[in-house]
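To keep things clear, I will list the structure first and then write my remarks on it.
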Amino acid sequence: MFKKVLIANRGEIAVRIARACRELGVRAVAVYSDVDRASLHVRLADEAYPIGPAPSRESYLVVEKILGVGRYAGCDAIHPGYGFLAENPALPRACVDAGIAFIGPSAAAMEQLGAKTAARQIARDVGAPTVPGTLSPINTVDEAREIAREIGFPVILKAVAGGGGKGMRSVAGENQLAPAWRDATSEALNAFGDSRLYLEKYLERPRHIEIQVLADHHGHFVYLGERECSVQRRHQKVMEEAPSPIMTAELRKAMGEAAVKLARAGTYTNAGTVEFLVDAQRNFYFLEMNTRLQVEHPVTEMVTSLDLVKLQMRIAAGEPLPFSQEEIELRGHAIECRIYAEDPDNNFFPSPGKIVDCGVPTGPGIRLDAGIYAGWTVPNEYDPMLGKLIAWGGDRKEALARMGRALQEYYASGIKTNVSLFRRILASGDFQKGAVYTRWLDDFLSAGPALEGLEDEEESRAEQAAAIAAFLWHRRHADGANAFEASTIPESRWKTESRREQVNREPQP
Amino acid sequence: MFKKVLIANRGEIAVRIARACRELGVRAVAVYSDVDRASLHVRLADEAYPIGPAPSRESYLVVEKILGVGRYAGCDAIHPGYGFLAENPALPRACVDAGIAFIGPSAAAMEQLGAKTAARQIARDVGAPTVPGTLSPINTVDEAREIAREIGFPVILKAVAGGGGKGMRSVAGENQLAPAWRDATSEALNAFGDSRLYLEKYLERPRHIEIQVLADHHGHFVYLGERECSVQRRHQKVMEEAPSPIMTAELRKAMGEAAVKLARAGTYTNAGTVEFLVDAQRNFYFLEMNTRLQVEHPVTEMVTSLDLVKLQMRIAAGEPLPFSQEEIELRGHAIECRIYAEDPDNNFFPSPGKIVDCGVPTGPGIRLDAGIYAGWTVPNEYDPMLGKLIAWGGDRKEALARMGRALQEYYASGIKTNVSLFRRILASGDFQKGAVYTRWLDDFLSAGPALEGLEDEEESRAEQAAAIAAFLWHRRHADGANAFEASTIPESRWKTESRREQVNREPQP
Amino acid sequence: MKLQIEIAGKKRHVELAEAGERPLWTIDGQRLEADATEASPGIYSILINGKSFEVRIERRGAELRAMTRDREFAVVIQDEREWRRHRGGSVEAEGRQQVLAPMPGKVVRVLVSAGDSVRAGQGLLVVEAMKMQNEVRAPKSGTIDRVRVVEGQTVNAGEVVVVVS
Amino acid sequence: MKLQIEIAGKKRHVELAEAGERPLWTIDGQRLEADATEASPGIYSILINGKSFEVRIERRGAELRAMTRDREFAVVIQDEREWRRHRGGSVEAEGRQQVLAPMPGKVVRVLVSAGDSVRAGQGLLVVEAMKMQNEVRAPKSGTIDRVRVVEGQTVNAGEVVVVVS
C-alpha cells in the first residue's frame, strides 16, 4: 500500500478520500486554493499545501501545481476524486513521468473510453447495444427517412452543433418527418449557424441506469451491480439508488457483462462506471463511460458492503481484486440525496454563504458524506454541493423511510439548501413506485407544487407552533433595530415575488 | 402495526426508539421529567408529556404515571427501552390491565428468566452449562474441599453476603484451601457480619459473550449471533463488538442453541439476551438473561442488517418473525464505544454540565446513536451515557480502523468525556489481538498509562501546534479578566493534582 | 406582548402573557395549551396539547422562514405599533422597478443598455456563480432606465443591477 | 505579543509578529513555518511546514486543555508581565489543605467530624451524582479542621467540603 496519497480535489470527495487514507494508515495530503484554507478537507488531512487563487483554472485544474505538491511532499500516489482533473489524461500522463501512481485508469484507457464517440465505437465493436442512429450528419430529408425506416419510429432529430434542446425534434411517424426536418434545420441554423442534423432512435421515457465496474492490473474485471440515476434536474443527477427498482437478475447480468466487456476492450483499470439508457421494455443502450469514481458511489458501497475508495487504492497499488464476480452479494437498498446550496423556491439558484449551524442526521442506516461544518463559508467559486445524505434499508421501503426521517433531521442554516426538493420527491407517488425516467423530475417540477392536502389539524397546529416560535425569535432579536426592520418591512415579500419572476437559471453550455 | 407507541425512557435509547417509530409511520410519544423538557427525545417525538420531578423514582420509575400518559395519549403500545422500568414485571402486568401492548416479554417470562437464581435453575434444567459450584452456603472447610475436588481446582470462595471482592479468595490447589478459607471467613465476617461462604469454579480469564435472541408469539425462536462484551470497567461494559474475535461456527451454534433452549423453556417472547462466560478452552457457562433490549444492540444490527427495535415492535404487534434461523447471515464486523460524560483522568468521575459544541463523526461505516446536542445540559440525575459510537467494517481490522478514525472526529466540548479511554484501548496490543477478558480493562488501567513512545517529530509538532492554538485562544479570550485569571493561576495545576489523589470512585452497591 | 404574525399567508394575532411561572399563549383570541423552549439558538421545541413540534426560525436576507420537520413557512412579523405606522405606505408595484441580483456572482454579460426597450421576461444580463450562468430577466415590459453594473463586475445578492421604467 | 505557554509540562516562549499580511511565529527563539486559522470557535487549523493539525482549546473549570486528533495536553498560559507578578507567591503545598468536591452532586454521607484525625486516603464523605456514589478521600494525614457540608446538601464541583490540617 502507498505511504502518502495526494488528494487532488476539495469538498466532500476530498474528505471521503482522506478518511479512507486514515483508515488504511496512509498519510493524506490535501491541496487548497486561497478560499479553501479553512475547508474541512484541509482540517482532516495530515498535510495540506496551498496551490493558488480561488478560480479552479488557477489552482485545482493546474496539473503542474498538483504534481509539484506531490513531489514536494513525497507522495507516492494521487487520487483525483471526481470533477476537476479526474478525467483529464494529462494528469495520469504527468504522473507516469513523475513516478507517482495515479489512482485511476491509464491515460490511454481514459482517452479511449472517456471520449463519447470513441467509446460508442468500442461499444459497437464488442456488441454492446447503443442507441440506434448515426453520429455523423445526414444530408437530406430523404436520407433521414431511409434511416428512420430502418431503425423504426419514433426517432429524434438533433443538431450536430447542438445542445440545450435547440434544433431538436422528436418525430413520432413518417408523415411528421418532413416538417420536423424543416423546423429543426432552421432552428439549428439560427441557434448555432450550422444547420446539420443527425438522427437517433427516440427513447420515450428512458431510465438512466449505470453499472459500477472494477478492474485490477491482473486482468480481473467485476461489476458491482447497478445504480438507478433517473431522477435528474436538467440532466444533473439529484437522487440515486441501488438497486434499480426495475432491475431483474437477468438484466443485471446482461448489463454487467456488457459493461465489463467494454471495460476489458478498452484495457480499463481501477473503478469506472458504464452508463446506459434503459427503455420501458428493459432494452438497454450504452450511453457513455465515466472513467473515475462517481459522486453516487456510496449507494453501491452500502449494498455491496465494499469501500470503493480503498479498493481503488489497492488496485492502483497493484493488489489483485480480493473477490471474484461470484462473491459479490447485494444486500438491501440504498438511496442518496445530493444536498446543494441552492434555493428550490427560486429556480435552484446557487446560494453560497456562511453556514450558521448544521443538523447532522445520525442513527441506524444513515450515512452523511459532507464537506462542510458550522461556521464555514461556502465559497462562490465551486460546485455548490454540500454533501450527500445516504440511507440504507433492508428493502426499498425501509431505505425511503429512513431517508425521510434523516431529511427531517438535516439542516444547514444561514444558506438555502435543496432539502425540501427531496421531501417533495419522496412524497410523490411516482417516485414511491419507482416509476421515474430521465425527464421525470423536470416534468414533475414544471407541473408545479402539488396541491397541499386539505388543511388538517396537524397543519394548523404546525402553523401555530411556527407562530409561537416566530414570536419568541422576534422577542429575542427585535431589539436590534436592523433585525426588526428586516423582518417587518412589507416590501420584502414583494421583492421576493419580483425576484422569482425575473430569474431563470440556464445551465452553462 | 401499532398507531402510537409510548416510549417509557429518555436519552439515546428514547431517541433510537422514536426514530424506529418515525420510520414505521408510528407516532412516537415521549415522556419527560422536569429537567428533560429540552432533551433530544422530546424534540424528536411526535408528542411529549411531563411526568414529574427529576429524580427517576418520582418520574421515569413510576408505573402509574407512565400508564397514565399511555391512556391519556391513546397509545396502543409501550416500549420500555433499557434501564428504568425495562425489567420490572409491574409494567407489563399493568399494560395487560390497561389493554396496551408491552413491547417486551410477558411479566411471567421476565420474572422467571430475569431473576438470577430462577434462571440458573432453568438453565440447568435444559442442560445449559452454568459455572460449576453451589449457590447455597458451605458449612466447613472439609465440605469445601470435597466440592472443590469434585469440580476441580482452581476454585473461588465467595462470601454469601458479599460483593465488591470482600471475602473472596481464589484457590489454585488443595494445599491453599485451608488458609484461604480462614482468610475469607474472617474478612467476610469483618465486612458483612456474616462469615458464610460458597464456592464456585474459578474461571481464570473468562470472556463475557452474549447471545441475542428473538422470539415471536407463534413459537419461533432465533439467535442473531453473539456480542463480545469483555471490555468492562468495574463490571460495566465499555466497548462491545460482533462477532467475538474467538468465535467459531460450532461454538456459535452451541451457544445460540443453548440460548434459544433457555428462552423457549421460559416461554420468552420479544428480544432478549443470554449472557455467558467463556473460558480459555471455549467452554461456556450461562451467567444470566437480560429480558430487554441491550445498550449494545447496534453491533448486532450492523452485522445482521436487521433493525432490532422494529422487530421488537413487529413481534409485540403479533407478527411472525419474518425470517428463519437459516436465513440469518452475519456480515463483517461491528464495534461500539459507550461515550460517557466522565473524566478518564480523574477516576472516571461523572462530568455533567452544558455541552458547548459537538463533533459528529460521519462517513462510511459510522453510526452514532446519541441523545445529546450542542447547547444541551447533561442533567445530574441520570446515567451519564451520552451515546454510542458504532463502526462497521468488512473485517475486524477495518472496523477498528474506522472506529479510530471516528474517535478522532468525535468530541463534546464543555464537559469531559471518556473518548481518550477508547483511544488507549484501541492502541493496546491486547485489544488489537482480541485478547481480552472481563477484568482485562481494570488490569490495563491499573497498570497505568503506557509509556508514550519516544518523543518523535510528530509529537513535538503537535505540541507546537497546541502552543500556537493556545496562543490564539488566549489572545481572543484574555481580555475578559476571569478567563485570564483562570487560565494562568499556577495553583490550578496543584488543585488538579491534589484532586486526583483525593478521589476514588466506588460503584454504587 | 402582542404581535401580528403572518404564517403561510395567514395573519394571526399572537399574545404571550406570563401568569406566574406559566406562560399563557393566545392566538387570535383563543387560549392555547402550549409550552415553548429554545433548545438551541433559533431552534424552538413547542408542545401544543402534547403535540411536539420543532421549529427553526431563520432569517434569510430580508425574509424570515419557519421550518418544522416537514414544512417550511414564510413569516412576516409586525408588532401592533409598527403595523399601524406602516399601514399608510402601500407597496408600489408599478412605475420604475429595480431589478436585483438574485445571488452573489460575477456579471459575465450585459445584454441591454440604457434606453433599450425590453419585453417582460427578456434577458438583461448574465451572472455567473458556482459554475452556473444565470440570466437575469426583465420583470415587466418597459424601457431600461439605468444599467448599474458592467461586465466583469462582482455583485452581491439583492444589489440593484438594472432599473426598468 | 509574547506568551509563556506550558504544554505537557514543557514551557515554551511563543511569539507572534505580523509582518505585512504574513504572521511570523517564533517558538523558543526559533522561526516556524506555521499558518493558523480559527475554523470554529475554539477550534484551530494549524499548518506547520505543511503538516496539518487540528487543535481544540477548551477551558474546563480552572484548567485549559488542548486536544489534537490523537493527543490531549494540559496547557498553562502566562504572559511575560503576569508571570513576573506571580513569581513571588509560591504554591503552598503543606499545612492546611482544602478538600474540594470533585463533581457536582449530593452529599449522601459524611464520615468524619471536626477534630478527627485521619490517614491519607481515608474516606471523608460520599457524594452521589448520576447514580454513582463517590468517596472523597483525605489528601494527607492530619486532623479535620472543619467539615463544611452536611448530609443531604448539594455541592458544586470545586467547592470546599472539608479542611484538613
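In order of appearance the chains are A, B, C and D, and numbering begins at 1 in each one.
In this text, a residue touches a chain if its C-beta (ideal position, glycine included) is under 8 Å from a C-beta of that chain, and two chains touch if they have at least 3 such contacts.
Keep in mind that this is a model prediction, so the values were computed, not measured.
Novice: Given the two chain pairs B-D and A-D, which is bridged by the higher number of C-beta pairs in contact?
Specialist: B-D
Novice: Using Cα averages as centroids, what's the distance between chain A and chain B in whole Å?
Specialist: Those two chain centres are 42 Å apart.
Novice: Between chain B and chain D, tell me the centre distance in angstrom, where each centre is the average of that chain's C-alpha atoms.
Specialist: Going by mean C-alpha positions, chain B sits 31 Å from chain D.
Novice: At what distance in angstrom does the C-alpha mean of chain D lie from that of chain C?
Specialist: Between these chains, centre-to-centre, one finds 48 Å.
Novice: Name the residues of chain A that each touch 2 or more other chains.
Specialist: 44, 408
Novice: Going by the contact rule already set, what residues in chain D reach two or more other chains?
Specialist: 40-41, 51
Novice: Can you name every chain pair that touches?
Specialist: Inter-chain contacts occur between A-B, A-C, A-D, B-C, B-D.
Novice: Please name which positions on chain B make contact with chain C in the complex.
Specialist: Touch residues, chain B against chain C: 29-30, 37-38, 42-49, 73, 373-376.
Novice: Applying the document's contact rule, which stretches of chain A touch chain B when the two form their complex?
Specialist: 15-16, 19-20, 22-25, 44, 298, 301, 305-307, 331-332, 360, 362-370, 394, 398, 401-402, 404-405, 408-409
Novice: Taking the touch rule as given, give the residues of chain B at its contact with chain D in the complex, in rising order.
Specialist: Those in contact with chain D are residues 341, 346-347, 349-352, 356-357, 380-384, 408, 411, 413-414, 416, 420, 423, 458-459, 461-476, 478, 483-484, 486-496, 498-499, 501-508.
Novice: Can you tell me which positions in chain D touch chain A when the two form their complex?
Specialist: 35, 37, 39-41, 45, 47, 50-52, 54
Novice: Which residues, counting only chain D, touch chain B once they are in their complex?
Specialist: 1, 3, 5, 7-8, 10, 12, 14, 16, 25, 27, 32, 34, 36, 38, 40-42, 44, 46, 48-49, 51, 53, 55-64, 66-79, 82, 86, 91, 93, 97, 99-100, 102-105, 128-139, 158
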